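Each of the next two complexes has chain A plus one more chain, namely chain B in the first and chain C in the second.
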Partner chain A sequence: MIESLLQVVGFVALLAVLVVALELYLHAHFTQFDKRWFLPGMALGVPALALAGIFFSTEGRPDPGWTISLIGGLCVAEFLVALFFRYYVRGKHSLPIMMLAPGLLGLILLIVYPLIFEVYLAFHDLKLTTVMAWSGTGALPFVGFKQFCKVFVSSPLSGVTFFQLFLRTVWWTFINVVCHVVGGFALAILLNNQIRFKGIYRTFLVIPWAMPQVVAVLALRGEFHSQYGFINVMITRLLEWLPWLSRLGAEPVQWLSFHPLLTCTLINIWLGIPFMMVIILGGLQSISRHYYDAAAIDGASAFQQFRLITLPLLRPVLAPAITLGSIWTFNNINVIYLVTGQAGGTEDADILVSALYKAAFTYYRYSYSAAFAIVIFLILFTLSLLWVRYSKGTESAYG
Partner chain B sequence: MDEAKTSSLEECRAILAAHHKRESLRAVLIHICLIACCVACIYPVLRILAVSLRPGDRIISTDLALIPAGATFVSYLRVFRETNFLIWLWNSLVITCVTSVIGVSLASTAGYAFSRFRFPGSKLGLTLLLGTQMIPAAMLLLPLFLMIMRLGLTNTYLGMIISYSVTSLPFSIWILKGYYDTIPRSLEEAALVDGTSRFGAFWRIVLPLSTPALSIAFLFNFTQAWNEYLVARVVLTDSFRYTWTLGLFELQGQYLTQWGMFAAASLMVTAPVLLVFLYSSKWLISGLTLGGVKG
Partner chain C sequence: MRRLSRTLVPLACLAVLSGCRPPEAPPSARTIVLWEQEDASVFPFLDQVFSGFRKLPGNEDVRIVRTHYHTEDLRQQFLTASIAGSPPDLIMGPSDSAGVYSVAGFVLPVDGLFDLSRFNQPVVEAISLDGKTWGIPLTNGNHLMLFYNKRLAPVPPRNTAEFFEYCAQKAPKLGLQHCLALNIAEPFWLMPWVGAYGGWPIDNKTPTLDTPAMRKSIAFVLELIRRKFVPAECDYNCADALFKEEKTAFLINGDWAISAYQEKFGQDLGVARIPMLSETGRWPSPMISGKYLMLSSKLKGEKLDLVRRLVEFFVNEENQVAQVGALQRLPSLTRAAASPVIQQSPVLKNSMAQIQVGRPMPMATEIRAVWDAVRPLLGRAIIGKMTPEEAAAQMQRDALSKIQEMND
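Our next item is the complex of A and B:
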């Protein structure tokens, strides 16, 4: 444990050094660009520093072939960068770029580079049987578009096809978002009245959002247990109390075995309503009372006020919230994996992303999953583009 | 004449009374609806409490009482004695704190750059940051996991910190940018006149003024990493390195006998998180709507 902690401390120190080095590098390029020594100095100095670093980290015995090609490449690259700074940038925008650089570098290393690696993976063949060889040599057989064909032809799981998963995902997203918005709207409207204990109600109502999702989902999953869960206990008691209900076909439900998707949906609705409620409440409170007074004088009914005042004025708040909410729901693995993800769990609740997670980390089909992930991303991208075009949803997000 | 006056007055009173009656009826209905919804929100939490208090031989039962007969704290003691609960909490704490500090420091300067400067690609950059929200978590996790595996960082704090550190960065940048936008530029201009550099103005004027937004961003990063499950599931396989989410999932596992311990442990984790969230919810929510939605 101590060793691990030291590793963390060392990493943070290394990170700080790297940030300082990056800033110094940029600072030199932004301020010294018109000096006569700038081009040769940078093109030779930076590789020299890198060489010193390599010698230091390998204790004086670097691999010669690899080092020479790296230093040579660095010379050329740095020369081009220096040219760019000397003749194009000329010290403009130095402060914002320098302030942005560490975060940007982090995003490039941990989001952009992995995505490029993902594309590389999708055109190669990495699976459980080739992963050992790969981690030794780094070489992978090239297979072209084969993985992409497999996504549509063979199933990512054992029993469900790609198109079933797709339809299920669309259905899941639609039902969840509609319920979140309707439920959130209802609660927000109730809370927006002049009533007592408003603060207390609001506090209690955000609890599902505030709870750690793992706890909430696992606990609710327990409540759907066929014998000891709250819901079936209630159904059983109701049947004891009103026996004639069982003649109508009412009986305890095998939630987790026979209706896993319904169970996940119910749980996710419970979890998601508070967020929408809070967003909508914020929007409602910013609408001036006068609009409603004027409308009431003109004789507008409550429904007309809602349709003609509330909805249009909430649009700038609602549209981005719905856009983001849909994307989050589409990508939501947590609920489904926590409910059905244990060994031998059912596949009847899986949507695209949870199938992706299982294909990658339960069945170890890495390249296949990479191709699958790219297909999913393209689907989501197309759908959101259509939606944004249709709703102009992000307009207000740009302020 | 007089009679007409009183009758119209009475009419008014009657209308007013009817109005009051309708209003109070409406208020009662609203209260009933809200109370029902509140119960639906709290009841699952209370159920966890009930299960955690049940004595060992009655952990699995159809009992619905909130304080079960023969309530004990045995499950709580068993969590500490029979599981690595404290180690799990410690692991989570180390990972979460380091990631949050890294995330907020990176976001604090990046947000400022987006808030105060127009440079080539600034608008596109902000849009792309929003666009990262569209990338499915599992999609990023796959290459990240393979990279971490090749670097030999599975089962280490470092592997977790690396995989968490930028996940909340785009959102934090948006939150902070939104807040910086509300700070009047004249403050910095005054500082510039007094002879500080632009970065000095940011460091000495804007950053101290942004403490609320910085704490919101920190809290956001913290809760994201603290409650994360799916990445941890993949990167950590050794029970001594587990974060609490993994530990909890294992406790809940297939064995119903550990249900009591699961309930006790989850309550101990949830209580502080809930308190912090509820205490800070006012600022947290305004931060989210400011940065994430209104822009």
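Our next item is the complex of A and C:
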């Protein structure tokens, strides 16, 4: 426990040292750019420090070829950076750039670099049999658009094609988001009234969203068991109480076997409603009572008030929430993975991302998976763009 | 003067740092990183072995860092870490992932490093591929067997006819809704029956799923469900819970669960071979492998030597016998298998009897495609969306297509 804690503290300290080094580096470029020694000093000093770091980290035994090329590259790169600071930046905007630099560096390392690497992978051929050659030589065979073609003609699943999978994913997203919004709206409107114990209700309603998703999903998965789950136990009790329902064909359901996608959908609706409720409740509470008072004086009915005041004024809150909800639901692997079995399970509940996961981590088709991920990204990007334009979500409610 | 100092100070720092000599034995060379996927109940035994190793002369400064992962996570994390160039030194796990590691070149073949003739040969065979051995066996088994609750069934059925008789007549009298808890969702639990019908899911690297044995095995499982001898929609946790809650008299599960059931049932726990299939007169043949230590292909020089010594210590006779006592797992070392601890324990003796009719688990990477082809279609057959014949034919087609996709 203490060792783990020390590791975390050490990691945070390392990050802090890196941030300080970055800020010192920038500070030197902003304040010393007009000195005569600036260009040669930086072009030699930064690689020299890097060389010292390499010696230290390799315990005095660096790889000569790799080190020479790295130091040479650093010399040239730092010279160009120093030129840029000396003749173009000239000490301007030092504060905002220094404030933004750590965040920007983090974004580059955690988002930009993986994205570029993913595009690189998608045009090459990395799979189980080429992994070793790649890690040894760093070279992969270039295959052009072959992986992208495979995405559309060779599904990672046995019985479901890419287009069937795509339609299923769109349907899954649509049903989930509609239910999240409708359910969230209904609960938010109820909570927006002056009712007793409102805080308690709100706390209970937020629980599914606030608890770790793994715990929530696995707990609810158990409740869908055909024999021992709460839902079927209740159905059985109901049939004992109202036997005529059996004659109408009502009976306990094998949820996980016969209706895995429906089960996943029900669980995901339960998980998603609280988020929408919180967002919509926030929006409702920001609408001034004066609009409703004025509308009431003009004789507007409750429905007219809802349609002409509540909905338009909620649009700036609702449109981004729906966009986010759609992206999260479209990419929601957790519920599918946890409900239908971590080792692969049924294919009847798979959506695009869960199929992508199988291609990458069951069959080790890394380049194919990278191309698949880019296709999913482009689909989502296009759909989101269309939705934002159609819903005018970026426009002000009062504009 | 200031200008001079600005030039000299960085140069002096550089000279000081460049002059740093590596220590005689760098700390990383004395640290062994091991990743495992064991149950929490196994941790004390592992830590005890590591502590014993560090007490040996010359090993006082050795540090062993053990990190736990779930089975699937271990496979993915090891692959990712190996691709990134910083894998652990050792991984401890079953053999089914070793095929992937060996094809990718992430583990070392151990043939020249260890004397493999000391181990039980089937368990070595289960981690051999393309003429090389890719891990050192720690345990012998990882196999399925029949567990029974002596309070509900004092004597285990010897064959399926006796088993059916118990389920049809005695179980209802005892108020049991089902008599056998079986993880029907996983193909691993289907394979003993495939073996009993004279088949096997893979022949070298070619799937053999569209066979009479597979069709009959699926039909057999369907029959168990139809007659309500096993519950429908039952996965591993469900089967485990039913048996522990005494809602079934029998359970088919692996040797990894022995100690947990012994703790729960004590003397009332019985272990036996999975009943012989009366229809063919053959014993069901569970897949046999074990737990293995696999060495990262990045190991070399002094570090490799240190890791090799740790592995040798781990599988010495004393630790192998201690493992039997602590974990109730059969040893991989031939000499340790003759230990009185095993001979005097009916549970371990019967576990060993089950191994004798098992078959080595295939290690080829193609087995992954077999599992993923069988799993969904077995599910479809169970819910009646396919006949056993259709399911078996489709399994074969899917497995071949997945293998082609993997290699394409």
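To be clear about the criterion, the second predicted complex is superposed on the first by the 370 of 399 C-alpha atoms of A that agree within 3 Å, B and C clash if a C-alpha of one lies under 4 Å from a C-alpha of the other, contacts with A are read in each partner's own complex, and residues count from 1 in each chain.
The working rule: contacts are C-beta pairs under 8 Å (C-beta built on N, C-alpha and C of every residue); 3 or more make two chains touch, one makes a residue touch a chain.
Worth saying up front: this structure is predicted, and the values here are computed from it rather than measured.
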Quiz item: Touching A:S135 in the superposition: chain B (first), chain C (second), both, neither?
Solution: both
Quiz item: Regarding the shared-chain residue A:P320, is it in contact with chain B (first), chain C (second), both, or neither?
Solution: first
Quiz item: Can A:E223 be said to touch chain B (first), chain C (second), both, or neither?
Solution: first
Quiz item: Which holds for A:L256: it touches chain B only (first), chain C only (second), both, or neither?
Solution: second
Exercise. Report for A:V177: first if it touches chain B alone, second if chain C alone, otherwise both or neither.
Key: neither
Practice problem: With the two complexes superposed on chain A, say which partner A:A371 touches: chain B (first), chain C (second), both, or neither. | Solution: neither
Self-check item: More chain A residues in contact [chain B versus chain C]
Solution: B
Exercise. Identify the partner contact of A:A43: answer first if only chain B is touched, second if only chain C is, both if each is, neither if none is.
Key: neither
Quiz prompt | First (chain B), second (chain C), both or neither touched by A:Y363 | solution = second
Practice problem: Would you mind listing the overlap between the chain B footprint and the chain C footprint on chain A? | Solution: 135, 227-228, 342, 361
Quiz item: What part of chain A is in contact with chain B in the complex they form?
Solution: 1, 4-5, 7-8, 11-12, 15, 92-93, 95-97, 99-100, 102-104, 106-107, 110-111, 114-115, 117-118, 121, 126, 135, 187, 190-191, 193, 195, 197, 201, 203-208, 210-216, 218-223, 227-228, 230, 233-234, 236, 270, 274, 278-279, 282, 316-317, 320-321, 324, 327-328, 330-331, 333-334, 337-338, 342, 353-354, 356-357, 360-361, 366, 369-370, 373-374, 376-377, 380-381, 384, 394, 396-399
Exercise. Please give the residue numbers of chain C that touch chain A in the complex, ascending.
Key: 3, 6-7, 10-11, 13-14, 17-18, 20-23, 26, 72, 76, 79, 82-83, 85, 100, 103-106, 177, 185-186, 231-233, 235, 238, 365, 368-369, 371-373, 375-377, 379-380, 382-383, 394, 398, 401-402, 405-407
Practice problem: Enumerate the contact residues on chain A facing chain C in the complex. | Solution: 37, 41, 45, 48-49, 51-53, 55-56, 59-61, 127-129, 131-132, 134-135, 154, 156, 158-159, 225-228, 254, 256-258, 341-348, 358, 361-365
Quiz item: Mind pulling up the chain B residues that touch chain A in the complex?
Solution: 27, 30-31, 33-34, 37-38, 40-45, 47-48, 51, 60-62, 64, 94, 98, 102, 106-107, 109-110, 112-114, 116-117, 119-120, 122-123, 125-127, 130, 132-147, 149-150, 156-158, 161-163, 165-166, 169-170, 173, 181, 198-199, 202, 226-227, 229-230, 233-234, 240-241, 245, 248-249, 252-254, 256, 259, 262-263, 266, 269-270, 273-274, 277-278, 281, 285-286, 288-289, 292-295
